[in-house]
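Shared chain: chain A. Partners: chain B in the first complex, chain C in the second.
Showing the complex of A and B:
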């Protein structure tokens, strides 16, 4: 136990997710300019900005959906420019989506099992040929085990089920275990997405507008839940959110984007009073009529 | 009858874990032997059932790609052709070779199985080569590439002397038997079922549902798509190889785009993603023209009318599909399987008896 605690403390210092001067350009459009970010274990950071500020683009660059035009992204110290999203996920970065993207026809349990399994099949997929060959070999061995229904395969399936059931329980979804994901109410679909992301055993969790479409009570519950997850699963969390109350309520550090540029960063109180932030959110005219805030 | 609240223990738990993998095969062998004995005196029924079997293999294997993985391949006849011609040429060349320490019939079967596997593996290799570049992309690229592949294979065969050009290959030893065909049917279905029930199958379903999310959750989407495609191609090759060993002649006309579409129709009709559906639809659509032919014969309208029946098969397909898509857009079975429903019935009946 104590060794584990010490290890956690030692690791807490190193950034698990780091973006260094990341820029991304779509043709002539600069979607993100010189974006810097560093998430450590135990962090709960926010990423905010008006519509079209580049928040989701930033998520997509971090998770490997888009490749940065400039700069580099590091996950757990490993440079991941040019890596595929599933490889980055294997390094310990998991995400949810702004518009829920569950496997709709699969049951809640299977949704989580897909994610759990992908990690069970974690291969040393580096860029090197040797690592790739080894990964391919393990994969083909796994296929044969499944086709021959070996005792070992059956055991693995049971473990996966247990793991997934545990995550459903944590997210309060046990009663939906065998229900198809598409039949779940909206709030539960959001929670199932988080359960699925946790199934990949991440070190850093990226939540893209987790509170969208929720009512005030659900949002309050969500705030408590996100904190709890961070502590129980020893995560670093990065949240994109529109709801100021939620972001200001739980995040210790907030990055504000506008037109792809980072206009402010700091503690909630500091960001709230930043002139540029108010300008971006409420416009110049607001500042003029109210005589400025900063 | 009321469902009791006590959880039903799984019927399968009586079987030791180490035996569960092999058990279906052990159960299937005597059934196949009995089947072969029944068929030994009925050449036409043997032939017809073999065709049904080959179509089941094709439909079930295509369903792994088009149904479970949600990709769209329309060149399955091309892979079938690869299997048929490669194994056909091999068997033709090995016709007079026999293993001296075995009886001739057994030796023939050994060579037959070898040539089946070679045909299947050749098709799988083609599947890999076709799938690797086209499955990296999303959407309709696979359809275009597989369509092209099917046509290329046909044209290549048509212009190669070794494959008999447009005349086709004849004289391939007729070593196939209904039992052998249905052994492979059984293997294909078993593989399809075990894939569905495994984590690999769940990954394939996840790709079908949402590729972006699957990738983000750590599923190597390209890798899984290629593997599904290779497995599917392998069984298509086996189906072609079986086909080549019970029809008197194979020619490029058997492996056209129409054949590919026939298989796609079977899969869609049965329900994309349902192995049961693929089996039922393949059986139904293969027997339908034969049934119609027999019906006309019974009615005394032999001859020209009976021949026309074969020609109206495609319009009938079309009408059937339109009617079905209006009534049941998800296909006959949707994504349901007969084995998902059966276990719930059997224990209930047993309780009723006890």
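Showing the complex of A and C:
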């Protein structure tokens, strides 16, 4: 065990996000079975599968929304089974949502600022009530500083605003700074979600169908943008996507799920020609009429 | 004219107190979509804490500036703790249960507090109303004409404290990190958690804040009313709830306006009609507002998607 830990630490590109034999069961339904994954810095991986294959379930179990029934999830080498979503986020895992879930009544800037953290605002939390309350007062100590308008508070606010403004700029949303999120056009809402996720300073970014509802041109732009974000922010990126062209175009490694099971993994070309994948996506009848996979 | 002015002043003084309590309802509703019916009773407990502190301080000490500050500080901190424990042990375990469950729990806590405080256990003061000590000795602050209009010092102080607390709260909610986190949790607490916001702690702090505000407001009410009783929480709490609904529950400035409007309406009814009509008119006014604007004065009614 300890040898294995040392080994992963010694390795240059240690996995930032790792799922090890993760299964999750809702009552009798197996939503995810023996799911394995490992995302390193600079990775751009895809997660695909037909509807109901368990892709979003996988995201939910990685981010702590669901607890795995079996197996373990590691973020930055730390086992996070049983951790709360915000704690996992603090380790460097952020996500967007399939159906956009912005704080709709907040401005674009505030949406990003909510996620941003001032330097040193994160404190390791102990267990027990006392430690938690202490953590709360330290993490939100700004309320009394705010009331007293201390320079420290003002400086922190400026810092957060700058961070958020920078992210809006990167995502091409500067002109929407003070508009309520709900008034933004659809494509911009998707980009704002990414900006918000980046605000938490993640090491791994999970994008849940980022291109859903976009037209071809927007999709092309998005592909370029995702690559750029990976390089500029030194991220590992995992994308759920229905659009085959987008996934095949940007992902170096693709995992295919069907009925919660991993049916294929590999480079786009390899996955595209996998018999099981074609079966899952197009059904047996397609194979029969076309005489099997190419 | 002078009479009108006097009623206006009295109404505003009463209204600010309703507004402060209403803010507590609105904040908790904002983050949890829970109507915390125990809020008024938390306020009552705060008043008793202030009452006990005032007696412990003694006659001279308690009416000094420092004494008043100590009375308020003890009551507000004590109530913040009470609010924390109620949230932690009564509401949090029910967070994922149907909303009705938490609502019934709130009503249960409300009755547990208001009737528990009537028990005669020695350290509890019992069911009878007590005279609240003169923490702020009444002095005429401003007299116009031949005592046509009298403004008391406690009216000014209570108005001042209330306005300061409201401005502070508005600033907190809209200008600080904690306020942003609160608004994010209020909008969607699951997403907020995934964006790194410790939702449980934000909710706990919201409860503590609203309970502390309630204690402050309760003391102002007790000073105005010069009495304290275990059932005051039910009465004042209900009125403040009405104020919050009139303003549009979940809306911070709405709660303030609702409180002021309710205070003025009551005062004018008492002044120009009869004091026996006060409650009937207050609740009638609520019905009227909801008939015309179902979301309250500032509330937005979400159109049902078909």
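Simple rule for what comes next: the second predicted complex is superposed on the first by the 264 of 294 C-alpha atoms of A that agree within 3 Å, B and C clash if a C-alpha of one lies under 4 Å from a C-alpha of the other, contacts with A are read in each partner's own complex, and residues count from 1 in each chain.
Definition applied: contacts are C-beta pairs under 8 Å (C-beta built on N, C-alpha and C of every residue); 3 or more make two chains touch, one makes a residue touch a chain.
None of these values were measured; they are calculated from a predicted model.
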| item | value |
| --- | --- |
| Superposition on chain A - do chain B and chain C clash or fit | clash |
| First (chain B), second (chain C), both or neither touched by A:22 | neither |
| A:160 touches, of chain B and chain C: first, second, both or neither? | both |
| Which of chain B and chain C A:80 touches, first, second, both or neither | neither |
| Contacts of A:113 with chain B and chain C, given as first, second, both or neither | both |
| Chain B versus chain C as contact partner of A:199, first or second or both or neither | both |
| First (chain B), second (chain C), both or neither touched by A:151 | first |
| Touched partner set for A:97, first chain B, second chain C, both or neither | both |
| Set intersection of chain A contacts, chain C complex versus chain B complex | 63, 65, 84-86, 89-90, 94-95, 97, 101, 103-106, 110, 113-115, 117-118, 139, 142-143, 146-147, 153, 156-157, 160, 196-197, 199-200 |
| List of chain B residues in touch with chain A within their complex | 17-18, 20-21, 191, 194-195, 198-200, 202-203, 205-206, 208-210, 212-221, 223, 227, 335 |
| List of chain A residues in touch with chain C within their complex | 63, 65, 84-86, 89-90, 94-95, 97, 101, 103-106, 110, 113-115, 117-118, 132, 135-136, 139-140, 142-143, 146-147, 153, 156-157, 160, 196-197, 199-200 |
| Of all residues in chain A, those that touch chain B in their complex | 63, 65, 84-86, 89-90, 94-95, 97, 101-106, 110, 113-115, 117-122, 125, 139, 142-143, 146-151, 153-157, 160, 196-197, 199-200 |
| Complex contacts: residues of chain C adjacent to chain A | 168, 171-172, 175-178, 180-181, 183-184, 187-188, 190-202, 204-205 |
